[in-house]
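Common to both upcoming complexes is chain A, partnered first by chain B, then by chain C.
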Partner chain A sequence: MNNIFQILSVTKKEFTDALRNKVFLTFLFFLLGLTVISIYVGSLDFQGKVFAYQTAYQQLIHQGQSIENLVKPEFFPLQLLRGSIEYLEIIGAVLAIALGYLTVAKEKGNHTLQLVLTRPIKKSHFFLGKLFGNALIILSVTAAVFTSIVIIITFIGGVQLLNSEIVKVATSLIYSAIYLYIFFLLSTLITLLIRSLPNALIISFVFWILFVLIVPQIGDTMDTDNQVPGGFFNAIHVSNTQSKIILQQFSGYETARNAIEEVSITKHYERLVFALLGIKNSYNNRSVSFILKDKLIESLWLTSSLLILIVTTLYTFTKKRLIWKE
Partner chain B sequence: MNQIMVIAHSEIKNLFRERVFFLLSTVFLLMTIASSFIGWTTYSTTNAVYQASVTYLHQQGVFQIPTNPVLSFPALASFRNVIVYIFLIGSLMAIIIGNRSFIRERKSGILQLLFTRPVSISSIILGKIMGISVVLLAVISLTAIVSIISSLLLPLKHLGGVDLVNLIIFYSYSFCYILLFAFLGLLFAITAKSESLALFVPVCIWVGVSFVMPELVTGQTPTALLNPVTMDAVTSPGNFFAFMQSILAPVSIGWHYTSIGSQLLPATIDSKSTIDILLENKNSLIVLIITLVGSYLLMLLQLQKYDAINDTVNE
Partner chain C sequence: MNRDSNVIISTHLLTKKYKKSVALDSLDLTINKGEIFGFLGHNGAGKTTTVSMLTTLLLPTSGSALVCGFDVVKDSFEVKKRIGYLPENVKFYDNLTAYENLAYLAQLSGIHNPKDKINETLNFLEFAGVENKKLGEFSKGMRQRIGIAQAILHDPQVLFLDEPTSGLDPMGIKKLRDIILKLNQEKGMTIFINTHLLSEVAKTCTTIGVLNHGKLIYKDSLKNIIQRFHNEDSLEDIYFSMDSIQ
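And now, the complex of A and B:
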């Protein structure tokens, strides 16, 4: 009972510390602001497409031409979340890095750790409290982001989300929290292992830029269909089915390209959440269970990375004793 | 002048002692080499895919096939990934270099010591800027040399005289662009109370400049600018984007960078001449210079307010 009380006390302290921290609050409001902006921009972009469609439709009718080839823009409210998800990938990861860095840096900088450990508390309990506290913060951040999204879509956009769509949003929320927590753990681990605090922060940023921005970009750049605006296969009049048959001859290249993308945890998160929210068109109108089954690999990547990092960070903190040498 | 040179010299020496600087420069150089290799692999695979498509379509009885669109790519198209790497890694590296430059001296007390000497504030800042500029110029020049050599070694289309001029202009512009982020790092390293805040705030601004402003101006998703093919995509239609473009476009430095970069390193053969590109984008270049001068003046102002006696830097 006493152990649980100790862990919960540290959890509570982590939570209140974060709410008092300027860096955390700056990033939180920045992220929430960007969520609102990206949904607004997404809806305006869609409105623009509808207007362009209507104009083209009127022109073709007026000229007496066929409207057969005119593609009608379809509205899927969850597709408006694309920008917000991309911001969670980028800014959310920075926020998680900030939390991971601060959770260790405040103890190292203020030399409070030595003081805490003069009390009858186990190192593992102290650190578990920190992990729980930050898990709660990250869950609150993602909940705040997704709640604002639902509020904007429902009350400002006037779109009533279906129950199945709310379940998809809730599932995306959980995976988003897992994704952010991975970056939190990575940053915590780096800050624990590296003696110099500023260097630890810089190295965390290097990891962030490589895995969040560079590696997924390399995978996209290597996609043969991405070489020409509008699509390479489209430019040479090859259909989607035909392109799949042709690309079978280049399985080695495609495997290498896929392997590069697999390195990035961001890509796994993106594939899973884009499928859940129907941002990837082929998953629109599919059930959550179907999507989760189809994207099981992405889900396993995320959860296994999370577990490995939890164990490694806990081991580093309790056994390696690096932090005590500061 | 001598004082500025001494500070610049000390800055260069200190930067070359920093392991983090070497880490970032190495990542930057490796990515430049990788970008040439990626460009070559993708180019040759896409050509092979085209040949396989032609064979397949012939088997299907289709004989009217458009020409290979990739063959018309100019030599500079294979350099387009560099725009993304300078936009991302170059800017982050510059922020960190600028940040380390002042934070290091504030923490060690060297800055306080400098204030006891008859050195003017402008000399301190100019010395630091000169030192940082030399280092950034060296890194950018090295990446330019590496890119050109790797393009010569790989069986890609070879660069002509005009291509080389475009490349030199592109790398010079890139140098000015990342210098701006070094200034940002310097500015917050002077003003911030804590080391982490001095790094987080410029990173936040960098994210705003690189992802938020372009999204508001073009309506494209935040990562659309990171794809060398879609980076010069058209702006979304509608009054909102037209309005945002009129307000934000002049100051959207990140968007200007990818836009000018993609014009200087074009993906299509029917591109504009170098003079036309520069004339068309003269306002963007003027904005960049004004921002650089403005940041310098802000640094002067902040350093004048600097309290050398009570200065403490928290973690």
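And now, the complex of A and C:
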């Protein structure tokens, strides 16, 4: 019982520390603000499509022409989350890196570990308290983002989400929290391993630039279909089946492109959540269980990275010398 | 290893080696219950290394040490239950108030309802009324007293103080000295003080050990030391005489 009490004391402190941290709160409000803006921009884009459809419809009727070939714009409300997911990928990861750095730096930099580690608390329990506290913070951040999205869509957009869509949002929330927690753990591990705190922060951001910005961008740039709005093959009137046949001729190129993307945890997260939210059209109207089964590899990448990092950081904290004479 | 019931700290050939140097060399030391032990030595003599091993923060390279009858390596958890520690230039969570800092550290020591204990400790230290101030606003002397408070919250048997007067003004030093004597006399706490200030040792300690380049060169009661070196004018001169013996 005493162990649990001690762990919870550390958890509580981590949580309240974050709520008192002005930098953290600024980033959080920035993220929430961007989420609202992205939903608004997404809805304006859809309104534009509806307007274009209505204009074309009226023109065709006015000219007495057939409207058979006019395609109605389909509305998938979860697709409005695309911008928010991209902000979570980039800014959310920065927030998680900052949390990971701070959780170690505030003890190492302040030399408070001497006070903590001479008390009857196991090192592993102390660190578990920190891991739980930050998991709670990250879960709260993602919950705040997704809840604000649902509120905007439901109460401002006037769209009633289906139960299946709410399940998809909830599943995306869990994977978003896992994704952010991976960056938190990565930054925690780096700050534990590197004695100089400024260097640890710089290296953490190098990983962020690499995993979040560079590697996914290389993969996207190498994707021919991404080079033309609406898709390269679509623009030259090549069907999906035909495009697959063509790409088989470039299998080496595609393998290399895919391998580059596989390196980035961001890309795995994006593939999974874009499928869940139907941002990738082929997954619209699919059930959560179908999508999770189809994207099992992405899910495994995320969960196994999470577990490996939890074990590694816990091991590092308990085994590594962290106190140095000033 | 001394397991005498009156002995509270004992070390046998306690050694700490780093890559290129020997910080502590085969220390044999015995401290009895209720003593105020002054551990003297130059900067870099190995005093902090010794305290770090006795407080379980650092593992010895060889040798052994018992604190309150428990081995600092094998039974470190039991040792931690019985000790209090004030590091040199103690640092706190400056974003928290004095009460929040003390409550958090008390909870880590397993005190479930720390409020009464904090009030009792601050009253004992004649330092009540500062609970709601943030530590960032405290002077060095005030921080040092909160440092003592965190170290004694859980009523330890042994209190380790590493250079406790470092950076304090004369008034702060006087207050700290009074606290050390009060803790020893009223709570019966054994106190282990690392210091290089001989004047402080003379005013507070009952026993003195002198460490030089990682080796204990002398240990005796203050009374015996003054008798033995009666020709010396001051404690400083005694210290230099011991140093020259080596």
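Rule of thumb we're sticking to: the second predicted complex is superposed on the first by the 307 of 326 C-alpha atoms of A that agree within 3 Å, B and C clash if a C-alpha of one lies under 4 Å from a C-alpha of the other, contacts with A are read in each partner's own complex, and residues count from 1 in each chain.
Quick note on the criterion: a residue touches a chain if its C-beta (ideal position, glycine included) is under 8 Å from a C-beta of that chain, and two chains touch if they have at least 3 such contacts.
Predicted, not measured: the structure shown is a model, and the values here were computed from it.
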Touched partner set for A:Phe205, first chain B, second chain C, both or neither: first
First (chain B), second (chain C), both or neither touched by A:Asn2: second
Larger contact residue set on chain A - chain B or chain C: B
Partner chain in contact with A:Lys108 - chain B first, chain C second, else both or neither: first
Touching partner for A:Leu28 - first (chain B), second (chain C), both, neither: neither
Touching partner for A:Ile265 - first (chain B), second (chain C), both, neither: neither
Touched partner set for A:Asp220, first chain B, second chain C, both or neither: first
Residues of chain A at both interfaces, chain B in one complex, chain C in the other: 106, 110
Chain B-facing residues of chain A, complex: 22-23, 26-27, 30, 34, 37-38, 41, 44-45, 47-49, 51-52, 82-83, 86-87, 90-91, 94, 98, 101-102, 105-106, 108-110, 197-199, 201-203, 205-206, 209-210, 213-214, 216-218, 220-222, 224, 226-229, 232-233, 235-238, 242-243, 245-247, 249-250, 253
For the chain A and chain C complex, residues of the former touching the latter: 2, 5-6, 9-10, 13, 17, 20, 106, 110-112, 114-122, 126, 323, 325-326
For the chain B and chain A complex, residues of the former touching the latter: 19-20, 23-24, 27, 31, 34, 38, 41-42, 45-46, 48-50, 52-53, 56-57, 60, 62, 65-66, 68-70, 81, 84-85, 88-89, 92, 96, 100, 103, 195-197, 199-201, 203-204, 207, 211-212, 215-216, 219, 221-223, 226-230, 233, 236-238, 240-241, 314-315
In the complex, chain C residues that touch chain A: 48, 52, 55-58, 77, 80-81, 83, 85, 87-95, 104-105, 107-110, 112, 150, 154
